[in-house]
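Shared between the two complexes below is subunit A, which pairs with subunit B and subunit C, respectively.
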Partner chain A sequence: MTLDDLMNRLGEWLKGEGPNSDIVMSSRVRLARNLNKVPFSHWATKKQREQTLASIKEALADNEFLKDGLLISMKELDEIDRNLLVERHLVSREFIQKPDSKMAAISANEAISGMINEEDHLRLQVMKSGFNVTGAFDIATKIDQSLAGRLLDFAFSSEWGYLTACPTNAGTGLRASVMLHLPTLVLTKQINKVLQAITRLGLTARGFYGEGTEASGDFFQISNQVTLGQREEDITDNIERIIKQVVEYEQNARQMLMAQERQRIADRIWRAYGILKNAYIISSGETIELLSSVRLGVDLEIIKDINRHQLNELFIFIQPAHLQKLEGKKLSPQERDVKRAQLIRSKLLSS
Partner chain B sequence: MTLDDLMNRLGEWLKGEGPNSDIVMSSRVRLARNLNKVPFSHWATKKQREQTLASIKEALADNEFLKDGLLISMKELDEIDRNLLVERHLVSREFIQKPDSKMAAISANEAISGMINEEDHLRLQVMKSGFNVTGAFDIATKIDQSLAGRLLDFAFSSEWGYLTACPTNAGTGLRASVMLHLPTLVLTKQINKVLQAITRLGLTARGFYGEGTEASGDFFQISNQVTLGQREEDITDNIERIIKQVVEYEQNARQMLMAQERQRIADRIWRAYGILKNAYIISSGETIELLSSVRLGVDLEIIKDINRHQLNELFIFIQPAHLQKLEGKKLSPQERDVKRAQLIRSKLLSS
Partner chain C sequence: MLCDLCGKNQATVHVTEIVNNQMSETHLCEECAREKSIQMEQQFGLSDLLAGLADLGTNLAGKTEEETKMKCANCGMTYDDFRKIGRLGCSDCYSAFHKNLAPLLKRIHGAVQHVGAVPIKTGQEAKKKSELEELKEKLQEVVQQEEFEEAAKIRDKIRELEKKNGDKNKTKDQGKGKIK
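Right after this comes the complex of A and B.
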């Protein structure tokens, strides 16, 4: 597998299937781990960081879950390729800022990935299509155990649990999240109440494009805020239970809206489709908004000539690095808006 | 010919051909005439109005230009049919307010029409596709002469010329106008300067849907303000000369825009087309705006799968009375917005 292979397909977690995949795009579990008696990445000397890199790299290269995948040094990649990994949700935006002593591991189907020397020595991520936090957690646990059982000695305190660079990740080191599409709660203005309730229950919401981004186009990434003082299973059970309710709210809102304002919804959905199929210049913000409406159209079976997988493909490929990778060169924001519109037209026409 | 025939076709003046028909939709000449020694319609008794009606009706029924056409009493029509005539630009909105003692004459191709007992005893109108004021005037003159020469004695003063109910129409009784489509002058914000210049030169601008309406969707109906103290030929020459310049301004603006911002124009045009083809609810205001962009697209040969005649058909048939006539019953504004979208989708899909 090479990096260029990413351009020919989508990660398995974007296949648009799995439980409640009309509302839950994907589920993700991330574990933060650090080597015992080695300074955290930010405090480590260059030599120490290189040593951390070497030992974790060896462990990952050897791991059965990551075989046939990719193990790449950030320093070897140009700016577009680094951003490509961010856009694929495989590494964090922070991770690519300073590429020294950093490597990423990516499984062949993109379901599993690891960052070496991000904030923590190792960040391990497992993604699943649809609503399947437990499934993602089970795999993450197996990889964690296989790593800890063989080569790596992780920093662990019997009092605090796993030690992490930032105390907000200590304890389980576990961050579970789901990507939700809640267009009808947004449309019916119930979303703020839902997000407030979620926050009171210890969860937090972000946008589709990750940490620090606004929720856009009705997509919300919901994750647990607390990692300490709870068992792993409590965290995953808690998020599954709460998200199940949010899913039901969105389902009910969709049913109500279809019963009461079918025409208005159809109008909104088909207009979005019409614009996407015809525009010659389009920003990523507008694209996300319109794709959100079209996705709802597919979920409500109003639009039948396109499926969720094709829409997910657009969500990923309309991003700046993907567009530039497709074009084989750097593009100005204006050039990207033209290229983006062209890509969307060709994908929707061939659908 | 019956009134229902109107629903199966368009007036000849909307065929989308003729000189400069990319910018000048149509040309129109209207003559105001009153019978000698008979009170103007507003001042006349019911009996006098009926007498006026009878004598003009007889003259029109007999006229070679109007044979095979329609001569209809407003009282016989229901509200939808009356408004249908307004929407076809065959009678004025004022004409249908009080239907008593009023008749309309319509030639088979809708190029010629007459109103009996509007503000003046007879308003005669001739319309031509494209930029052809002189052509319309020539026909109007012939009809005027054929009427005056046979049955009718028109009120005429050697000092004032033709006498009319409102002094602003006295003299020639001639109003010449052209319907212009000036999207690029609007887009490049040159339109106000152009309209100001036009006004200084004795012309006045209105919207597509007639007197008292705002110019909408970049359509402007330009006509002469003064009817008195000029010869007929001066009036038609003046408007032809000025409009010729406006046409050149618009042509130049289109060339400039295509050279400098081809992509932005294509984006605007195709988005409009995409929305029209896909919307399920659409107001007449938005429709006009979007049709304006699509028409520009056809003129610039960006859109090739539809022609001006088809667009003109939409301009006419998306109006309230046409929609209600098609549906065979009264529709609320909300129902019309749905019916309008449906009509547009079906017309554009079959194009």
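Right after this comes the complex of A and C.
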């Protein structure tokens, strides 16, 4: 597999399939691990970072998940390619800021990825399409155990669990999250109540495009906050129970809106579809808002000539690095808005 | 519209700031906006929040010099460094700053005892310890419920376990003595 292969297909987690995939776009699990007594990446000397890189790379290289996958040094990539990985949700935005002594490991189906020398020595991530936190967690655990059992001595204390660079991750080092599409909870103005309740139950909400971003296009990434003092199973179980309820709220809101305001909903959806099919210049912000409406249209079977997988593809490919990769050169924001509109038109009109 | 900062590129990011009830708008190009957002992150990063919390363990007024100079023997990070950066230096920092980290972890997680998975290698050892901890927790529980008979049984078990662990340490020490 090469990096360019990413342009010809979509990761398994974007299939648009799996349990409740009309509302839950994807499920993700992340484990933070560090080598015992080795200075954390930000505090290490260059030599120490290189040593960390070498030993984790060696441990990952013959791991089964990387079969036919990609182990790639950030320094070898240009800025567009690095951002491409961020837009694919394979590495974090923070990870690519200083590319020295950093490597990413990516499985062939993009479901599993690892970052070496991020904030922690190793961040392991598993993604699944639809509502399947436990499925993602099981895979992550298997890889974690195969690494610890054979090659790597992970920093751990019986009192505080896995020791991480930031104390907010200590304990299990586990962050479990789901990406939710909640357009009708937003439309019916119930979303703030739901998010407040979620926060009180120890979960936290973010936007589609990762940490520190505002929620956009009615997408919300919900994850656990606490990592110490709870068993992994309790963390995944807790998030699954709460999200199950949120999914039900969204389903109810959709049914209610369809029963009471069918015309208004249909109008909104078809207008969005119309703009996307006809625009010649479009910003990413507007695109995401409109795609969100079209996605609701597909879920409600109002729009039938396009499917969720095609929409997921658009969500990913309308981002700056993807557009520039498609064009094969750097584009200014204005040029991207033109290229974006062109891409959307061609994808929607051909479907 | 051109960028307010560099005056060269098209402004595509529009920032509204409210400082002391005065609203101001800034129009930036992508590059300048990115720089500004990095600056802002540095100003309001998680590390600052953590740094604020990091003082929890110490009574601010009575903070002794000894406390700020606490240093990790393995990586050289001082507690002062941690307060500034918000990240620890290595896994040993957790024991070097144990006294101050305990209240901090309690504040963040609402708990100070890991109950989750254990790496395969250290599994055996940790299990013994957690068995002891579990018994101690149970003891508190039954005492609160005034089930004193049960409490006595648990207490004996704890003593037994502790004696076992203690014996091990003793034999080690004796061994050392002999070598001398």
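Everything below uses one rule, namely that the second predicted complex is superposed on the first by the 351 of 351 C-alpha atoms of A that agree within 3 Å, B and C clash if a C-alpha of one lies under 4 Å from a C-alpha of the other, contacts with A are read in each partner's own complex, and residues count from 1 in each chain.
Here, a residue touches a chain if its C-beta (ideal position, glycine included) is under 8 Å from a C-beta of that chain, and two chains touch if they have at least 3 such contacts.
A quick note: this is a predicted structure, and the numbers were derived from the prediction, not measured.
Asks: In the overlay, answer first, second, both or neither for which of subunit B and subunit C A:A165 touches.
Replies: second
Asks: Does the superposition put A:A61 against subunit B (first), subunit C (second), both, or neither?
Replies: Touch status of A:A61: no partner.
Asks: With the two structures laid over each other on chain A, which partner does A:F154 touch: subunit B (first), subunit C (second), both, or neither?
Replies: A:F154: touches subunit C, not subunit B.
Asks: Would you check which partner chain A:V338 touches, where first means subunit B only, second means subunit C only, and both and neither mean what they say?
Replies: first
Asks: Would you sort A:F40 into first (subunit B), second (subunit C), both or neither based on which partner it touches?
Replies: A:F40: touches subunit C, not subunit B.
Asks: On the A-aligned overlay, A:Y280 touches which partner chain: subunit B = first, subunit C = second, or both, or neither?
Replies: Touch partner of A:Y280: subunit B, not subunit C.
Asks: With both structures superposed, pick whichever of subunit B and subunit C touches the larger number of subunit A residues.
Replies: It is C that touches the greater number of subunit A residues.
Asks: Have a look at where A:R271 lands relative to subunit B and subunit C in the superposition and call it first, second, both or neither.
Replies: First partner only, subunit B.
Asks: Report for A:M256: first if it touches subunit B alone, second if subunit C alone, otherwise both or neither.
Replies: Once the two structures are laid over each other on A, A:M256 reaches no partner at all.
Asks: Which subunit A residues lie in the overlap of the subunit B contact set and the subunit C contact set?
Replies: Correct list for subunit A: none, the interfaces share no residue.
Asks: What does subunit C use to touch subunit A in their complex?
Replies: Checking each residue of subunit C against subunit A gives 9-10, 12, 30, 41, 46, 50, 74-75, 77, 85-92, 94-95, 101, 104-105, 108-122, 125-126, 129-130.
Asks: Provide the residue numbers of subunit B that touch subunit A in the complex, in ascending order.
Replies: 263-264, 266-267, 270-271, 273-282, 338, 341
Asks: Considering only the defined contacts, which subunit A positions touch subunit C in the complex?
Replies: 34-40, 42-43, 119, 141, 145, 148-149, 153-163, 165-168, 170-172, 174, 212, 226-232, 332-334
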